[in-house]
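Everything on this sheet refers to the single structure shown next.
Should a chain be cited, it is by its letter among A, B, C, D and E, assigned in written order, with residues numbered from 1 in that chain.
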Amino acid sequence: MSPEQAIAAALLVPLLGAAGVLLCRRRPNVREAVTVLATLLTFGAVASLVPAVTAGGRPGLELFEVLPGLPLAFAVEPLGMLFALVASGLWILTSIYAIGYMRSHHEGHQTRFYACFAVAIAAALGIAFAANLFTLFLFYELLTLTTYPLVTHHGDERARRAGRLYLGLLMATSIVLLLTAIIWTYAVAGTLDFRPGGILAGRADAPLAIVLLLLFAFGTGKAALMPFHRWLPAAMVAPTPVSALLHAVAVVKAGVFTVTKIVLYVFGLDLLRTSGGGEILAWVAAATLLLAAAVATVQDNLKRRLAYSTISQLAYVVLGAALANGTAALGGSLHVAMHAMAKITLFFCAGAIAVTAHKTEVSQLDGIGRRMPITCGAFFLASLSIIGLPPAGGTWSKWFLVLGAADGERWAMVAVLLAGSLLAIGYLMPVVVRAFFYPPPAAGEGHGEAPLLCLLPLTLTALGCVGQFVFAEPLYRLLAPIAGM
Amino acid sequence: MPFPVDAILFVFLLTMAVVIARRQELFSAAMLTGLFSLLSAGLFTLMDALDVAFTEAAVGAGFSTILLLGALTRTTGLEYQQRRPRTRPLMIVFSTGAALIYGTLDMPHFGDPAAAIHHHVTPDYLARTPVEIDVPNVVTAVLASYRGYDTLGETMVIFVGGVGVLLVLTGRWRWRRRVR
Amino acid sequence: MSEHLPILQVVVPLLAGPLCLLLRHRLLVRGLATAVPLACLTIAGLLLHRVQQVGAISYHIGGWAPPLGIEYRIDLANAYVMVIVSAIAAVVMPFLPGHMGSAMVRRREHLFYAIFLLALAGLLGISATGDMFNAFVFLEIASLASYSLVALGRHRRALVAAYSYLIIGTIGGTFFLLGIGLMYQMTGTLNMVDLAHRLPEPMSPGTPGSRTVLVAFAFLAVGLSIKLAVFPLHQWLPRAYAHAPSAVSAFLAATSTKVSYYLLVRVVFSLFGAAYVFDALKLDRLLLPLSIVAMFAGSTAAIFQTDLKRLLAYSSVAQIGYMTLGVSLASVTGLTGGLVHLFNHALMKGGLFLAAACYGMRLRSSRIADLAGAGRLMPWTTAAFVTGGLALIGVPGTAGFVSKWYLVLAALEQGRWLVAVLVVASSLLAVAYVWRVVEVAYFADRDAGAHPIKEVPPLLLVPTWILIGATVYFGLRTELTAGVAEAAAGVLWESLR
Amino acid sequence: MKQPRLLREEVILRVVSKALVPLILLFALYVQFHGDFGPGGGFQAGVIFAAGMILYGLIFGLANLQRVWPPRRVELGIGLGVMLYAGVGVATMVRGGRFLAYGALDPHHPVHGQHLGILLVELGVGITVASTLIAIFYALGRVPPEPRG
Amino acid sequence: MSASILGLWNYWAVIVLMMTGLYIVTARDNLVKKVMGLNIFQVSVIMFYVSMAKVRGGTAPILVEGEETVLYSNPLPHVLMLTAIVVGVATTALALALVVRIQEAYGTVEEDELVRIDDDDG
């Protein structure tokens, strides 16, 4: 399979999968088989691109020109490769988990769920492979629209309100800020192609660069920079696999990926540094990082706590990009993968607990680790990764981030990064401590471990977190070019 | 200065328009509308527009009046007393009128043979009609031949109007009284 | 025969109208009415192709050379408009038998089709002509036909709507006629090319010059703005479109305002020229705020409607604001945006009104609240509505995005970043009114007591989806829309002077 | 039209109209075919013709008029007149001229062609106008289908 | 100034008539009255055109055989106004047809009454 075909396959297979799901809506088993098959094929197609990209190749696919000078085009570079791997890889696990979760929860509208999920993956891969801002924006909006039915899955008033907030906030930021920034960039630079070193460098003066940078950063509502973060906690009403999709697989990752990609390929690190835009963005990210983490510590609802944790962790990635040096950018990019693996594990665990023990609040979890040791063990491992402690993958990304900040002698940022990790300990460890060391409530409850289809994926992802620590080398080699190493 | 027939006609016309505006007895207002058309036909004759006068007399004074009377027999002969103040229409009317009068300021004067319209295109009509069309009435020549397509359009207007009336009046379908 | 294409474009539907009266038989009339717009579309396509290759075509009706006779003058701009108008007619026409059948007395159907074809002929005639007075005549043909069509709505309010449409439309038409008269007075000609040459130049550049010409322009512009429903002269539009039969609304919303827009643009750019209108009169200072107010006021009004068709109608007021914004930006890019939006809005509003017609047929109502459960019971119609709604919002991948792209680009080119932000911000209001409908259709449950509904037959679905599909297609492939619009904007911009 | 039943009983009106209607029709024909020389033409002729018919209908009753001109035939006339007009245009195209270039009707004597064209075209206008006005009169004069109010 | 009054008073008189018509259309509530106003408005516009066509000392544009020096008034506005009259009567007919239907459907032809009835309908 040539790289072009692989790109096309990666984008088309999920769509065909969605069509297949719709066609097989009357036979759930076949439908789920189609989903799993699509996930595997997609991942295969994405993975087949890795050797070429690692070897320095930049395979591309140009479809046709939509507007003059604006083709619908795809090109694979390291950052996009990483994001695509994360999205398509975690899709496999999420699908398996979803089958277990949706069935044991007796959720309705399952066909719509699987179909929209598949289209959302296609949109995420479109974002990952986009060769220009225009293509990226197209798939960015597609992702918003296809995840909307997932967020409002239950269709009750609460879900609809969350959906309104989700759609309203993401649409508003993307249309008003992001689109303006894109067209402005086009008017200034005459192109929207992603190019190493940036297209604005030399064309935009410092004030314009700062304005554009802020428009881009806040316009990418999916990156959940404060104050445009509220959609994320609200979207917690959706079923757990959807939360996994939002927090780990596609949506927020698409957001921070977009910011990073824009910083690297539209502005370029030099412009970011010289214009002073990086400094401003860094402080915005730092504020989000600390505030969200602080809010997370006081949340009792487990999923809400995880949601604020996500907001905080996303700010790490943005901060990595904003620090405007190669090492930090590398750290930020690595964190996309590390956080994805860890956060999906945490959500799987939260979902497994909800399905099995019907508990959603942290304060209800006393002693639950004795009944569900595997789930809670996985939760512990993933927590380590989020905090940034060995033996979990998060160690590396945080290490490079701190290193990058120290390289630039940005000591305040070093402090912020470390404080973030401390706060992470503060909001994650109590869960583990309660689960394992607090006595269970007097009235014994008749439940054991989570269903196998839930347990299997979360075990795998937890092991994945460790794997990311041990085998970080390939990821580093893949990403090295963007850091100029 | 000759006897100002046209000025007197204008005074009549204006009086009539005001009476029509104020008259609540609609049958007589309709008759006055017909008379208004007839008088304007007289004015058109004074201004050498024989064809227009003829048509206005036949259509405006004749047919339109029949239409109005016919409509009145099927509706009501009496207009209500209006109480609401009418500032908006007055504003519209005054601003439109002021704009038009402002626009006339740079216009060639009434009857001025030097006006642009008498020196472009029209001389061609007058000169070429005897040769190319060979009918004495230049209006007919322009109407039916030089600008015959407009007349086709005009016939189409009548066609649409007629068919529209038929459709509105005789296509009998039921209306629903409430939006549901 | 090919040299007669310009006149055939108009005469074919013009002849087909009376032919309906002679044929009378229902099936024959329906067949004729379906075939004619297709023929028009073919001719328009050929003309567009021809114009792209050889430039403007002039057809001397009656064999008399202009300015003596009437001329049909086809260039890129009006060929483009004629393609849109006949394409919409070709799509809407097959929709009509299924839609109107129940609403009308059977033996009167041929009158309906005659009027419909004449409306089409009128709109095409306005577009094709190179003569101002001829444009007026065809404007009146199209208008009279529209009034009658609007009156056919099912509720008695349609009659009042048609009446007030008639009154305001006639005032607009008469203003237009007065404008022509004043212009004629100063030049002695009615031919557009000739007019553009002979309109007196202002003594010093940057001043309005002759007061008569100024007032002539004002009356032409106001008259056409009434027909186009430019804010604040738009009040007739929501009433007329809300109460007309839905398929008629689809046709009128997609074509009638578009043709008025074309004529306005023709007058502004080709006759008077951008230098006069923008440098001397500073029209943009008036039109730009009005357009923006229209965008926001129309969309805001749409949000608060309880009736689906009224919602769409108010949305049209807002969308017309986008089109006039394109004019007021006073640049080729802006005009391109306006012309692209002309095409795109025709597609999406046509498709949305057809979807509303599908709903109306099954639900026997156009209230938004009655759409409950439609998402599940009428999935295809609802999907069409959602897609069309996304296009209204301007989501990338739909035609609406392309329009907004050009408008924002034009605003930024001139450094009017506030205008750019307002354009994109107004799309958010579209999100609000579209999503109100979407939520009801998908999440609300249908009353247990309500009569059962099911999906409409393919005969109605296919035309709807052709238009909706086209909004997606032209969101991605823009050679025909943006490409032609850009060239047409160039042609218009150069002016006939 | 206001009160048809009463009018019908007026003897003087009946007698006068009986004499007047043929004269009106004759005048209409004169206007129709003499428009080239003096004022008038198809449009005015059509109006006058229709006026004569309407007078007849008012005095002698709608039913009598409709026996002469059944509504269906009138409706046909509306279409026919326009078709005649446009048909002349098509004929000129078929004969190699531009649309409505009457000269093409008689290639050897373009002026004759003009005369012929104008004659036919004016006739078309007359037919359409007369039929339309009569049709509108019928439609307005119809007894309302449901009780008013 | 006096020259322009003498030269333009004709137009101004026409404009005053025209505005009277426009006032009736916009200000009166009775639908039939509005149509009458529309008639006056349109007839005045026709007067405006016909005034433009007039040439002082001219005669109707019906050619006199053999005379070369006759001054004719301008025929073109006359032609245009014949069309305008037709447009006017077609509009009037359609408007009145609608009025008749409105009377049947609502039982009134007063605009404010119609608005009130529609508001009551909800």
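Definition applied: contacts are C-beta pairs under 8 Å (C-beta built on N, C-alpha and C of every residue); 3 or more make two chains touch, one makes a residue touch a chain.
A quick note: this is a predicted structure, and the numbers were derived from the prediction, not measured.
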Chain A to chain B, fewest steps along touching chains: 2
From the C-alpha centres, identify the chain that is farthest from chain B. A
Which chain is in the middle, if each chain's centre is the mean of its C-alpha atoms? C
Most remote chain, CA-based centroid, reference being chain C: A
What pair of chains is linked by the largest number of C-beta pairs in contact? B-E
Where chain A and chain D are represented by their mean Cα positions, the distance between them in whole Å: 78
Interchain centroid distance [CA atoms averaged], chain A/chain C, Å: 44
As a quick test, compute the distance in whole Å between the mean CA positions of chain D and chain E. 24
Between chain B and chain E, centroid-to-centroid distance (C-alpha), Å: 4
Residues of chain C that touch two or more other chains: which are they? 14, 17-18, 21, 61-62, 64, 114, 133, 137, 140, 144, 147-148, 151, 156-157, 159, 162, 178, 184-185
At which residue positions does chain D touch at least two other chains? 37-39, 43, 75, 78-79, 82, 86, 89, 99-100, 102, 136, 139-140, 144, 148
Using the touch rule from the top of the page, what residues of chain E touch 2 or more other chains? 22, 52, 60, 62, 76-77, 80, 82-83, 86-87, 90-91, 93-94, 96-101, 103, 105
So which chains actually touch one another? I want all the pairs, not just one. A-C, B-C, B-D, B-E, C-D, C-E, D-E
Touching residues on chain C, where the partner in the complex is chain A: 390, 393-397, 402, 404-405, 408-409, 412-413, 417, 420-421, 424-425, 427-428, 431, 435, 439, 442-443, 475-478, 482
So, in the complex, the side of chain E touching chain C is made of residues 22, 25, 31, 34, 38, 41-42, 45, 48-49, 52, 76-77, 80, 83-84, 87, 90-91, 94-95, 98-99, 101-102, 105-106, 114, 118
Contact residues on chain E for chain D in the complex? 60, 62, 82, 86, 93, 96-97, 100, 103-104, 107
Along chain D, where are the residues that touch chain B in the complex? 1-2, 35-41, 43-44, 47-48, 50-51, 54, 75, 78-79, 81-82, 85-86, 89, 99-100, 102, 110-111, 114-115, 117-118, 121-122, 124-125, 128-129, 131-133, 135-137, 139-142, 144-145, 148
So, in the complex, the side of chain E touching chain B is made of residues 3-4, 6-13, 15-24, 26-30, 32-33, 35-37, 39-40, 43, 46-47, 50-65, 71-83, 85-94, 96-101, 103, 105, 108-110, 112-113, 121-122
